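Mind having a look at this structure? Questions to follow.
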Amino acid sequence: KQKAQFQAQIHEFNSFCWDKCIEKPGAKLDSRTETCITNCVERFIDTSLLITNRFAQMLEKGGGMH
Amino acid sequence: KQKAQFQAQIHEFNSFCWDKCIEKPGAKLDSRTETCITNCVERFIDTSLLITNRFAQMLEKGGGMH
Amino acid sequence: KQKAQFQAQIHEFNSFCWDKCIEKPGAKLDSRTETCITNCVERFIDTSLLITNRFAQMLEKGGGMH
Amino acid sequence: AQELLTKMTEKCFKKCINKPGTSLDSSEQKCIAMCMDRYMDSWNLVSRTYSSRIQ
Amino acid sequence: AQELLTKMTEKCFKKCINKPGTSLDSSEQKCIAMCMDRYMDSWNLVSRTYSSRIQ
Amino acid sequence: AQELLTKMTEKCFKKCINKPGTSLDSSEQKCIAMCMDRYMDSWNLVSRTYSSRIQ
């Protein structure tokens, strides 16, 4: 089950970062595109952590959703 | 179960109307953006009702999908 | 179950090819739009077959995903 | 038919309602009705095309 | 809240991160925090609008 | 692998088939094959990046 969740995450990241980084598929992934994909995945995870932590803090303070 | 359905609807409306109404998130939701979101949700519901009623009429008349 | 799968496919094709072929909905589907939709569905199926077959060949050769 | 109604609502809202106002005006209503008819035409055409392909 | 967190991550990444770099810089972090607040404001407004409509 | 095949079909159709014609011509076929290879390269890269992050 954990493996399925891991794979689902990769599909989601790959779909998202493909749209962000690939203009026209070429004969190989050039280094600029590779860097874009790696950074895209890393920053996506950072964004997700930032949002999740901030949301948890809001809940503790009793704010947020009404 | 009804509450889950209600929440799922709100997620769908919010995602859709966010894309329609928010250009760049600012320091607060200004009144123009608020009006846009409110109208977007209201008109989305109107559109859904119009389509559902018209579809029901078509089915009664025996037309529509073949 | 097979019928549900068939219907799900049609929804997916129709959604995809609608975005590809319909600029502004008119008083009827003109012949150019009809051709576009038919070709879109046919080429989508071709693309899917091409990719599926090529993927199967790769798996046989033991390549592909690492 | 739930999936069809959901998709038509989304697609036709996008095609017909540029700036959502305080009500659906008559030109928006006409556009939605027309869009709905074309969406079902397209659905029928896709269905025929796919059926003849998989036979 | 999982659905909300997933959607916010996607929407706010799209709004705030134009070219993903080697880290989230401070302006990106500020943008994400603001975007998150506005997304929840919008969620609350949508919720109120929908509730009053279906009553 | 179903999810991967579905996504590749959609993404590579979008990248390679601008106006769908009466058959897949050879340049479209080449583009699809290349797109498919790049999509899998990208998948492998994403998988490595994510794995090293969560360890």
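A, B, C, D, E and F label the chains in the order they appear, each numbered from 1.
Definition applied: contacts are C-beta pairs under 8 Å (C-beta built on N, C-alpha and C of every residue); 3 or more make two chains touch, one makes a residue touch a chain.
Because the structure is a prediction, the values reported are computed rather than measured.
Under the contact definition, subunit C and subunit F share no contacting chain.
Here the chain-to-chain distance from subunit C to subunit D, counted in touching steps, is 1.
The greatest centre-to-centre distance from subunit D, using averaged C-alpha positions, is reached by A. Among the remaining chains, the Cα-based centre furthest from that of subunit F is the centre of B.
Bringing subunit D onto subunit E by least-squares fit of CA atoms involves turning it by 120°, to the nearest 5. Put simply, the C-alpha centre of subunit E and that of subunit F have 29 angstrom between them. Distance from the subunit A centre to the subunit E centre is 14 Å, each centre being the mean of its Cα atoms.
The residues of subunit D that reach two or more other chains are 12, 43, listed in rising order. Across the assembly, subunit B contributes 42 as residues in contact with two or more other chains.
Around the ring, proceeding from subunit C in the sense that reaches subunit D first, the chains are ordered C, D, B, E, A, F. The touching residues of subunit F, counted against subunit A in their complex, run 3-4, 7, 11-12, 15, 31, 34-35, 37-39, 41-43, 45-47, 49-50, 53. Considering their complex, residues 1, 5, 8-10, 12-13, 16-17, 19-24, 28-29, 32-33, 36, 40, 43-44 of subunit D touch subunit B. Contacts from subunit C toward subunit D in the complex involve residues 6-11, 13-15, 17-18, 21-22, 24-29, 34, 37-38, 41-42, 45. Residue ranges on subunit C touching subunit F, taken from their complex, read 16, 20, 36, 39-40, 42-44, 46-48, 50-52, 54-55, 64-66.
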